Each structure stands twice: as C-alpha cells, then as structure tokens.
Amino acid sequence: MNPMTAPSAGDRLCFSQVRQRTLALTAQWSIEEMAAQSMPDASPTKWHLAHTSWFFEQFILLPLLPGYRPFHPRFNALFNSYYQGHGQPYPRSQRGLLARPSLEEVLAYRAHVDEAMTTPEEHFRETIAPWVTLGLHHEMQHQELMLTDRLHLLWHNPLHRVPTGGPRSLRPALEAREAQSFVGGRVEIGSDAANGFSFDCERPRHPHHLAPYALDSRPVSNGQWLAFMADGGYRNPDCWLSDGWQCCQNEQWQAPLYWQQDSQGAWHQLGLAGFAPLDPDAPVCHISYFEADAYARWAGARLPTEQEWEHAAAPHPVAGHFAESGMWRPRAANGEGMVQLYGDVWEWTQSPYVPYPGFRPTPGIAGEYNGKFMCGQFVLRGGSCATPVAQMRPGYRNFFYPHQRWQFSGLRLAQDLNHARLQP
Amino acid sequence: MNPMTAPSAGDRLCFSQVRQRTLALTAQWSIEEMAAQSMPDASPTKWHLAHTSWFFEQFILLPLLPGYRPFHPRFNALFNSYYQGHGQPYPRSQRGLLARPSLEEVLAYRAHVDEAMTTPEEHFRETIAPWVTLGLHHEMQHQELMLTDRLHLLWHNPLHRVPTGGPRSLRPALEAREAQSFVGGRVEIGSDAANGFSFDCERPRHPHHLAPYALDSRPVSNGQWLAFMADGGYRNPDCWLSDGWQCCQNEQWQAPLYWQQDSQGAWHQLGLAGFAPLDPDAPVCHISYFEADAYARWAGARLPTEQEWEHAAAPHPVAGHFAESGMWRPRAANGEGMVQLYGDVWEWTQSPYVPYPGFRPTPGIAGEYNGKFMCGQFVLRGGSCATPVAQMRPGYRNFFYPHQRWQFSGLRLAQDLNHARLQP
Amino acid sequence: MNPMTAPSAGDRLCFSQVRQRTLALTAQWSIEEMAAQSMPDASPTKWHLAHTSWFFEQFILLPLLPGYRPFHPRFNALFNSYYQGHGQPYPRSQRGLLARPSLEEVLAYRAHVDEAMTTPEEHFRETIAPWVTLGLHHEMQHQELMLTDRLHLLWHNPLHRVPTGGPRSLRPALEAREAQSFVGGRVEIGSDAANGFSFDCERPRHPHHLAPYALDSRPVSNGQWLAFMADGGYRNPDCWLSDGWQCCQNEQWQAPLYWQQDSQGAWHQLGLAGFAPLDPDAPVCHISYFEADAYARWAGARLPTEQEWEHAAAPHPVAGHFAESGMWRPRAANGEGMVQLYGDVWEWTQSPYVPYPGFRPTPGIAGEYNGKFMCGQFVLRGGSCATPVAQMRPGYRNFFYPHQRWQFSGLRLAQDLNHARLQP
Amino acid sequence: MNPMTAPSAGDRLCFSQVRQRTLALTAQWSIEEMAAQSMPDASPTKWHLAHTSWFFEQFILLPLLPGYRPFHPRFNALFNSYYQGHGQPYPRSQRGLLARPSLEEVLAYRAHVDEAMTTPEEHFRETIAPWVTLGLHHEMQHQELMLTDRLHLLWHNPLHRVPTGGPRSLRPALEAREAQSFVGGRVEIGSDAANGFSFDCERPRHPHHLAPYALDSRPVSNGQWLAFMADGGYRNPDCWLSDGWQCCQNEQWQAPLYWQQDSQGAWHQLGLAGFAPLDPDAPVCHISYFEADAYARWAGARLPTEQEWEHAAAPHPVAGHFAESGMWRPRAANGEGMVQLYGDVWEWTQSPYVPYPGFRPTPGIAGEYNGKFMCGQFVLRGGSCATPVAQMRPGYRNFFYPHQRWQFSGLRLAQDLNHARLQP
C-alpha cells in the first residue's frame, strides 16, 4: 500500500501494523518528553499510549474475551478519557501528574493488550472485527494528537529558540487567487456503509441543497498570511467575529501559533524538527477558526461550508502529503487544478459541528465517542501532514473549538457565485 | 391594531407609538431599579433607554439631519453597545456604574432625540424611512431585554422570597405527546423583501432540503419538566452534551432559573409580578440550550432545526400571547392542533446561528448588528410573552449562547420520521 | 467643639449629632449615586446608611429595649456586614443589586432606629451607653468609607474627565528631607481605659522596645512622588516586594490611583469635587502599601513601624485637617517641626495588623469587629481629610490589604539610627 | 557528626557531603517522578537539582572563578528561581514542561559545577567560603522542598490509595495539656555572627519585650486534632479568621492535607512511603496557618509569637527527629518536659514574616533571597522530619503563606499569663 493514498473500501486495517506504528512514532522521544503535559487540551504521549490500549481493553477484551484479566485494576479510572458510562475519569488537566505508571509499565500494558487481542480464536475474531476497526481508527486519531501535543510541548521549552540571523526577509504575497466553480443544487453528503468504515457522525448520507459557489484551488499560503498581517489584520476589529476579536485581544495574537521573529525581523516556524525559516509558499498552519474567518473576511471571501468542501473533494482520490512521509510539516503546493485538498493542513469550514439529519449515535458506551461534542465546535476537513492516510476519506469530519490553534489547521477560501457568472 | 397579532407587511410602525411604549413599560419602576445591573449580560433599564436613543442619533440624526446637535458630547462613548466602527464602547460589565447621567437626563436625551426625529421636513422623512424601521425594530428588541434584565435583577433581591406554605404539591406530568408530521423535501427558508422588514441575518430566502419530521403540537410544560427532574435529569450525564454537563455541574443547576422550592417542597416561579406557584400546564421557561437538549435526549426526541420550525410555522398567522398583554408570564396552552408557535416562550432549536447561504451584512456600521455574532450561539424562534408582537414573523431568528437562561426560553420537541411512517 | 481637634476623654459623642452628620454628607448626592457599587471592596451609600442603623438595632435595640419591633424582618440579612454570629450575610459584592429597599425606605429605617434610640428611659440610657459609643465610632468609620467609596465610583464614570489643556507641567521635587530623631528604648504602646474610648484591637497598653530611629517631619509629597516615577520607580523590580511587583504588573500601575495625565502631559487628580491639577506640595495620596514600601526602598529609607509612629505622635495634640473641613482633599504641609501627623492622609506603617500582647476581643458578637481580620493587612495611622476628627487618637489602628488604594492613604519615611548619631 | 544534632558553630559544612546527600535522596525515584510538577508552588525534583547548581554557578563560579565556562548558555534563564537581577526567570508554574534538559543532562550539569567548585586553588577557596556556606544552606532548604514537593505529587496519583479495611477506629483525644511558664521581660532575639551561619532575615540580634506566657510542652497531636474535627471545627466560622474561613470554604477543607478516610471511617495519612493508618500520638502535620489559628482559638489558647518560641527554645540543644533519619514522617512525642521543639513538624507562629529592627539585606543580588518576601507570610520555627539538622538553629525563620499546607507544618499552643499566676 502506498502510504500516501488511503486504503480502498475493501482493505482491512492490520491491527499489528497500526499498533506498531504508534510506537514507532515515539522511537526517538525521551521519557520526560513522553510524560509532560503542556496544557489541558493536550495529553502526555505516555497517556496516549495507555489510553489507546484501554480502548481495546474496555470495549473488546473485558466484555467479549472470556477469562480476560485486566492488566491493572486502577487503569480504567486513569486512562478513560471521557466516557461517563465507565465511571469518573481522572481529571484531564492533571494527566501530566501521572508519574506512575512509568513508561515501562505502560509499554507492558500495551503488550498485554496486544497479546490478548491477537488470540487466534476464530469466533472471537469475527465478533470483534467491527470494534477492532473502530479501535484502530481511534488509535490513528491519537497518533496525530501525539504529534500535535508534542509540538505544543516543544513550544514551551526555551531551549528551542530561533537561530539568530534569519536567512532572508519574507515579502507578503499578493498573488491572484484561482478558484473552481460549482453549480451546486441537490447533492448527497455524508458517508455510508458502502464506502467502508466511517464514524457515526459522518452518517447518514443525506441530500443537501447547495447554492452555486467557487472554491480556491489551493489553501492560503504563509506568504498570503503575511500580507494579512502587514495590512493590520490582527489589529482591525472589522475583520473579526465578536468572540474572535475578544479572544485575539485576550491572547494577544499577532501571528499564527509557532511563529517567531528573529532579531532581524525574519519569521521562523517551530516544527517537530525544530525551528526553520518560514516557507512563503507552504500553506499557513496552526491558526484558529477565528483567524481563518477573519482572514476570509479581509480577503473579501468566506470559508466554505463542510458540504461545499465535501462536494468538491469527493471526486478526487484521497492522496497527498500525510503522516507516513515522516515530515510532519506542510509543504508548498505543487501541481495544477485543485491541490492539497487532502493532507498538509486541515481546512477550517464555516460549519458548526452538528448532527446530520437522521443522525443516530453508535449504541452503547461508544455512543459517547462523537455526539456529545456537538456544540460550539467547527468542522475541519481533509487531514494534515500529521494524519495517517488510512484515516482519511471525503466524509471525514474533524472538529475543534474556534480558539484552538495547536492542530495542523489552515484554510481554503470560498465564494458565492450567482447563476449568471456560471454561464459560459 | 390588535396588539396580539403581528402587523401585516403593509403596516408601518409608528415612531411615537413604539418610543412611548418603551417608556410606558417603566412607569412603575423606581429610579434605583432602573439603574442597577445584575450581570454583564444584562443592562440597566436606564442604559436601554439611552442606548435606543443613541441608535437614532448615531445612525440617522448625525449623518442625515443637517444642523443636528448631539445632546451630549460624551454620550456616544457611553451608550454605544458594541459598534467598533463608532469608537471604543464603555465596558459592558460596568454599565451599572453609570450613576451619571441621571435618569432625568436620560429622559431629556430621549425627548431631544424624539423631537429631532419628528422634524416634519418631507425629504428627510423619506430618506430615513428604512433606518427608522430598523431603529424601531431595534427598540422593540430592547423592550424585551428591559423585561428580562429586570427579572434577573429581582431574582437577586432577597426581599422577593417565596411565601411560606406553598399551595399544593405538583405531580410530574407524563402525558402523551401529540405531534404533526411533515414530509419535508425542498422548501424555501428565510425572509425576503416582499414580506416587509427583516434583519440581514434572515436573508436571503433560499432553498433547503428537509427530511421527513414531526413537530410536537405544543411546547414542553412545567409538569413534564418536573418528570425530567424526578427522573434525575439534572444528575445523569448520559442526557447531556459534554459542555452542557460541565456547565450543569459548575453552576449546580437543579431546576430552571427562577424556580424556588418552599419549605413544604412546592415549587414557585419568580415573575415580573413576584413569586407565584408553578403552573404545571404552562410551558417551561428560563432554561438554557443545554437543558433543552438534555431534556430532548431524555425524552427520546430531539430539538427541531430552525428550518423545520420555520417550515411548520410559516403557514400559521403570527398571533399569540405577546408582550402587549402586559402579563409577561407564559400561559398554559389552549386549543387544538399546533399551538403556541408564536408568543409565550422562545423555542430553542438545534441550529447554530450561522449565515444563510448568500448572506450579506447590511452595508456600513449597521453591518455589525448581526453578522459578527455568528459563532457559538443557537437560534430560538417564535417570540415570547415579553416580545412585542410587531417584532415577530416566521423568519425571525433570535440567538443566545447555550448556557444562557435569563430569556423567556423554552422548547418544543421534534423527531425524525421515515417515509413509511408518513404513509397513510 | 472645634471640629478639627479631637474631643478630650471626658467628652461624650452626641448621638443625634453623629447620625445627622452622616445624612448631611449625602445632601447633594443623587439617588443613583447612592445606589451603585463600583467594586466588592466598596459599598453603596444607601447600604452604609442602612448598615449603620442595623448596628444599633442588632446590638442595642433588639437585645436591650423591651418591646422593640424591628423595622423590617429581612433587613438583618441584608445589612449585616460580616457578623457570622448573626446569620448568613448578603454577599458583599452584590450590595449594588439591592434596588429595594429604596433610599426612601432606608431613610425611614434610620428614622425608626433613631427614634427608638432616643427613648428617654433613664435605665435604658445608662445600660446602653458603652454600646452607643461603640456604635457612633462605627458610624464615623462608615462616614469616611462613604466618601472613599463615592470617589471610587466617580472614577469609573467617563463623564468626569480631565479638562484638556492642563495648566502647567509639574517638575519632580528633590527636596531634602527633614527628620526628627528618637532614642527609643522601652516605651508604652496602645490605648487604655483612662484615655476614653478605644477599640479592642488598640488594647492593652503594653511595653515595647524601640531601637533608635528617625521619622520624617512631613509626609511624602506629590512632587517627590513624581521624582520616583521619573526615575522609573514603577518599572524597576528592585524597589518592590515580590508580591508587590506581581501586583504592579498585573494591575499595570504607573501612578497613584485617581491620577490622570492630560494631552499635554500635565497631571490631574480626581477628588470628590472633580478633577483638579495635581498640587506638588500636597501629600501623595491613594497609594497602596506596595507602592509606599517601594518608594521607601527607592528613597533609601523605610516605612515606620506602628509603634515608632505612635511613640512620635503621642505627645502631639490630635489636630489637623479632618473631614469636618468639608474639603476632602489633602492639603500642602504648613508649619515647622513634625506636621500632618494627624489628618490629611493615613500613613502606611510596615506593621502587619496583628494582636497586641494580651489582646482580648470584645465579648459577644461585637468580638467579630476587629480580631478576625488580623491576617494579611497592614496598619495605617493618623487619619485623613475624610476622617471625622472625633474618631482619631494616637492609638487608633486602621488596616487595609497591601494592594488596596482607594483610601486616603499616603506615607511618611523612617530610618534606623545608630546610637552614635544620636549623641550631640 | 550525629545526624540528629545540629553542628556547633565551629563546624564547617562539607560541600561534597551536602551535594551528595541531595542526590542520595533521589536514589530510588524514577525519571518521571523527578520531572513532574503538581502545582505552581512545587517544583520538579529535576529542577531543584539544577537550580541548586545554578546557585553556585551564578553567585560563585561566574563572578569569582577566572576562566569558568558555564555549562549551557541558556540554563541561567531556566534555573533562576526569582532573582530579577539575573534577568527574566522562566515562569514558575511551567517548570514541569521542561522536558529538556533531560535528567541526564542535569546530572552532568551538577557534576560540571561540582568539579569547578572543588578547584584546589587556595585563594579562590578562601574568597568564596562565605558564599559556599550560603549555597549549602540554600541547598539544604531545597532538600526539604524536594521531599515536600514529591509528597504533593504522590497525593495526586490515584495509584496511591488507602487500603480498604482500616485497622481501627481512632477516638479523638481530650488529654490535658501541659505547659511551661516564662516570665518574659526584656529578652534578646535573633542570630548574630558569634553563632555561626545565619540568613540575613535572622539578624540583627535585638532586644524585645515579652509579657509572661506559657508554651505547651508538646505539639498538638493527631488525636487532639480529631477532637477539633469531631466538634465541628471545620464548620464553625467562630473559630476562624475571616480570610481563613473564606479559604476553608473555597477549598472545602475537612481535614489536614494528605488525610483520607477509608470505607469504614478510619483515617489514613499519605507519607513518602505511602498510606499508613493515622497515628493519634504523632503531631498533626500538613495544616495551614488558618487551621492552626482556628484550632488554637477553639482550644481557648493562641499560637505563640516567634519571639516567645525562640526564647523558650534557645536554651535547648538543637536535637530531634530530622531528615537524616530517612523516616520523613512525624513521630509520637517521647520524653518529659518541652519536647519536639526541634524536628518532627515546623510550628506555625502568629508572627508575620517581617524585618527585624535594623534589618539589612545581604548586599548584591543575594539580597533578593529573603527580604522581598516580607509580606503576607507567617513564620514557622523548629524544623521538621524533612529538614537537614545542619540547617537548624534557634533563630531560624521559615515562612509560608497562611493557606499553604504542603510543608511538614504543625502547631504548639501558647497562652498569656498574668503576673499573679506566675507567683509560687
């Protein structure tokens, strides 16, 4: 399987492969780096490693494998993220205080779960197959979070600092935008069983009416973002939502997260491999919804709805720059037509994360997976350079609060079209 | 004009009538009651009286009436609510500190503005007509806020207490719900110019696809809400959105706002006329979105979308129990079929307040009126017993944050229908 | 009685006179000004008027006057400041929400209490005499607070603004300081019964050992404070206590409270009569302990202890510029030798407010008056231009938290002396 | 040297011995336990190890050792605790985020500093001798903090839980107190050069007047504390300072820190070796000043002043249960007369931490060591079971804020005596 292309519907995810990839990501990380927590929204690597094992233990091994003995009687409380049906979870903001269990114990926990999960008993394997798939998709989500949470931790360490003497002074880019037009009308949105795995929140597939619109052929670049900054974008309340302006003032935002200026005024960007000079052609990244929305208004455009995005992206193969490259940094666009729909950066849409018409949560405790977060968050689409490619599909809905910036989040502009403009 | 029925499209609002009604509301209120501010979300009556005058002064008199002299050079800063285009507004949370100007001066300010506005000059009157209409709708919105903010202030005063010895013990109601079915399909949503005045956020009228659904014939009642409470609704995280549960715990909600139990366990409800025993047949009121959503999940139903609500309500005349009754307390439902769609209580919908496809803000500073709040809030429909009837129309979108409870807000349940169930 | 000189021990305070003076202070204040609360530390005038009446009702009339009927059954809860022995007090930060009772009712409450208190019955009058004295001293304390709280409210009203075009540019003063030396040794500190009324916290009179010290002959002036500011006093952490520097940064202090610079850079100071140009020769006022302490360190001196202050002040008659002048603004020093020990500004000492050796709280609920605040506060001495002169005596201990600035608080410098320097 | 007795004035602390003891403490601790930070007041062990090395580097090696090369150019910013004279320190509350440098690098840093410090050059050794002593006393303070901070971290880990089935139900103790009387008068307080090392805040030695008083012969025990709890001590505002009651309510205190009740109601206490049943005869520990003060008021007594404590303790040899025992848990009192003045638990005094008369901070940056904290804290005396014995002397002043509980802090009661009672 080409790691940069999503598996087709018939492919089955390989349990061992996904689990091993989780560990492979951490091969070079120190014990201390895997234990620290930089903010309540982020979790220590060690916690991610344990929580993804807890998921298999709680949802598969304990209910379905006769005679299974849990690794530790208290791990349920420690590594339950938010499932109220499973008792009071340990407070999220204190995960960095869990000096015990040690990393070593957590790795033993993983091995214990892995061994039980690979029991060769046939009936068991068939019963659990859909749950395994769910668990592996859950694990892949955490693979991405391990990267974004680690980057946020690095950001707080003064030992990672911008090299003095930046290489060159970037000029803001004012290039013409290119866009593709869509006539809209009645379209079908959402995932269905025929297309392989999907989360409950992506279903059911349903009709939706779209007005004519245009979507830019590429995401907004760092160079374009510099033009926004140079034009006072962070100081002009006219561009911003009311809550966004409040947030921008409180947090004193003046640039995307992880940007830093050296003494000569050149911009650098922190990535998982340290600081590097800002690439003006790469998509802008680590911006909040509030910033994305303000940029769009400044540019005389708007963010797309998630339906507009999905309608435009569905015909394209799920291929692009994903986590398997090991680069974990958005790259400059390359090619003609609609590019970078998948991979590189998640694209904020203007759509609040709400249930689709006819939405039904997965029955049982796994029903807490998605539905109970349908308030106050916005949908992002397309995956990023930190997303496993097997995770991605046109209907995938990621969601974060509008003030959050630590994901690999960028934007692509959209615009209303009147019918006249669509005529040849 | 029958005060309980909305004016038809051809009617013109009468400037003097609307302005006088604002003052009439306050006829019995003391100077101190009109000066106090009970929370940042609420404003003193005195401030409402001044702000609604500021609106006419800033948007009409200053730009359009030659030779107009503002009443006071500093009132712009004091009574600007949130228009960044008009300079730094005075901090919202400190409006209760504005001991000066006195109520007397504010009333003089109103008179000064009223006199200038009623200049008989014909050209001026024609030029400003659309702005006057906007200003009067704005004023009516504040008429309602004056009532809700006053009620919130009363709530904090220990002199308003429940009479000891409540009259009777209420039993939770477990009546069967009645609902009306809708086949949905492609419908038209939103207001347009043909229907008289509307705010920019209600436009443009646009097609929307609706799946088949059912809508309850009446709002949820106090008696039904007691059944939810008796069943542990406020203690069961399964019913709640994640953010809602957090909020419920932090705020220690155990009943709707303004409910109080006497020593015998009987419930009473604070209204603008003081405490009264809870009426089990009246619609539940002063609940947050979080509570409405939790109730719906508990009841095996859901909140309607705003499009479902509008589609169901549009054929009905805009008539009901509105502010003109002077009662300002929701009444028990009365009649057959769909009742209380308009008036009594605002109905929470599950729709986040977002722009309609093709939304364009009003040009100029008035463009800050609605668009910049399109984040994190939910739409309510139908008006309440504190809403002026002339304010209401099928397309009217009210919006508040999901934790807010001090408006006259209730709910009506909805449900998905499959096609089969719709067949006769 | 000369209003600027404290009554001698034999004088009795006149109940009617003190009570009437409280009302006289408010003669020109509007109903709204008397109802608003600008911060949790301050109270509305209306609340002060009621609370001082509550004090007589609760501590004298209810327990000691047979047949007394309280004015209102709920006023105890509303106007109890902090006496836990009297039930749960109404939350301090919400006193501004008490739109009811109206000012009119509060004045009737005062009249009701006054009438009962002036019952001519001889036995009653004798029994209550010590409590009346306590209540009148309590009332005088609130007279001062009514002034300081009102000033704080005015500060938040943008209608009180600095006149453009300040009269002149002030130059920082760098005058030589003059000081008086004291040999110290074993001295007596504290009030005793022989000296008339005193609060429990001023007693018992007790021996204390003082090392030789010097005390400046006058308080630090505004001109001297400008020199501190010009030298970067508000930007230099070396001058500040650790907690003080934190507070200075958080609050962004750059000058004393109520100072404002006009467009030409001239300083003005808000007083109860509005803004006036800063008088360089008047004592600096409205500074926190943190600022006073930082200034002293910057000046190479220190704050005096309360014992040093009392030892120096005790031989002087209690005379100076007090509230009776009706000016309520510190005036420039005048005269030779030690001046302004009494009146004009309270003087911060370096002494935490702690019990004297052998301290015994007043028995009963009045024991909550002082003792339970003996933590985290610092003592101020000497009274201010807003203090009734009858309140003052050498042993009087005022106390506030080190970050508080809204009192008429200034400072006088002290210094250690070695014995050699004291020799002629 | 007997580790449980303080060195006499002539003894010199041995650099290598103190430094090695720091490392010895951590011998059994895991990397993760040494990296985590449980609250802003506490620091990770790794940070303590680095900071104590930074102290020698900044105050001795850099200014005084020609040719010394700092271990790492950025460590100054990272490991400066609060010395503003040394540039902006890294935010205290984020020390747990310093995943880098690794523990290994920090140990290399220690070795680098140790090697430089043990340069055999004679002149250097003599020059630095007083600074080395200061640095070793500083290091010993951090040895204690390493223990208290570690205990606080353990407390947040649910893996350390009370064993089910507590051994026995403790009964509150109501034993008679025994006390020793002191006539007081003019006494000498404070350390001076003749007595060996002391911090600047312990000096100068100065006269102080003491009234007659009595001091209990032993600290308050756990059993006595249970009697306070059983009598509603945590629910009765009468016992508490106003700020203390506020704190008790906000924090929902119901017992000392680290106490936990098992399902049968038996109390257990978390120590560095895990949970153990509460020993009723051991001194109560991990209480705040607010609790100590409330207990004393409840018991009809008071806390001693620091002068009273010092006057009583000075004649006794500095011997007791200190950190060298490796037990790190207060033990039951043992013996006749005044016991446990030194060791076991720090004893809260009623004395705010303020400068002694004639106090002069150490010149230079080390002057920030003590003086700038002289606000809002209270003095504790006598050392604890986690204090190195070489640290202790009669004049040693420890200080913490009144709400802090994570130190080994307890109390001993005092009482006023009148002269009559002292007569035989």
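Letters are used for the chains, namely A, B, C and D, taken in the order the chains are written, and counting of residues starts over at 1 for each.
Here is the rule we use: contacts are C-beta pairs under 8 Å (C-beta built on N, C-alpha and C of every residue); 3 or more make two chains touch, one makes a residue touch a chain.
Everything numeric in this text was worked out from a predicted model, so none of it was measured.
Asks: So which chains count as neighbours of both chain C and chain D?
Replies: none
Asks: So which chain is the furthest away from chain B, centre to centre on CA atoms?
Replies: With centres defined by C-alpha atoms, farthest from chain B sits D.
Asks: Counting in whole Å, what is the centre-to-centre distance of chain A and chain B, each centre being its mean C-alpha position?
Replies: 37
Asks: Once you find the CA centre of chain A and the CA centre of chain C, what distance in Å lies between them?
Replies: Inter-chain centre distance comes to 58 Å.
Asks: Could you work out how far the Cα centre of chain B sits from that of chain C, in whole Å?
Replies: Centre separation, chain B to chain C: 47 Å.
Asks: Please output the residue numbers of chain B that touch at least 2 other chains, ranges allowed.
Replies: Within chain B, no residue touches at least two other chains.
Asks: Flag every residue of chain B that touches chain C in the complex, lowest number first.
Replies: 30-33, 35-38, 46, 74, 77-78, 90, 94, 96-103, 153, 156-159, 161
Asks: Write out the stretch or stretches of chain B touching chain A in their complex.
Replies: Touch list, chain B to chain A: 82, 84-85, 186, 206-211, 237-238, 240-245, 289-290, 293, 302, 305, 350-352, 354-355, 357-358, 372-376, 402, 416.
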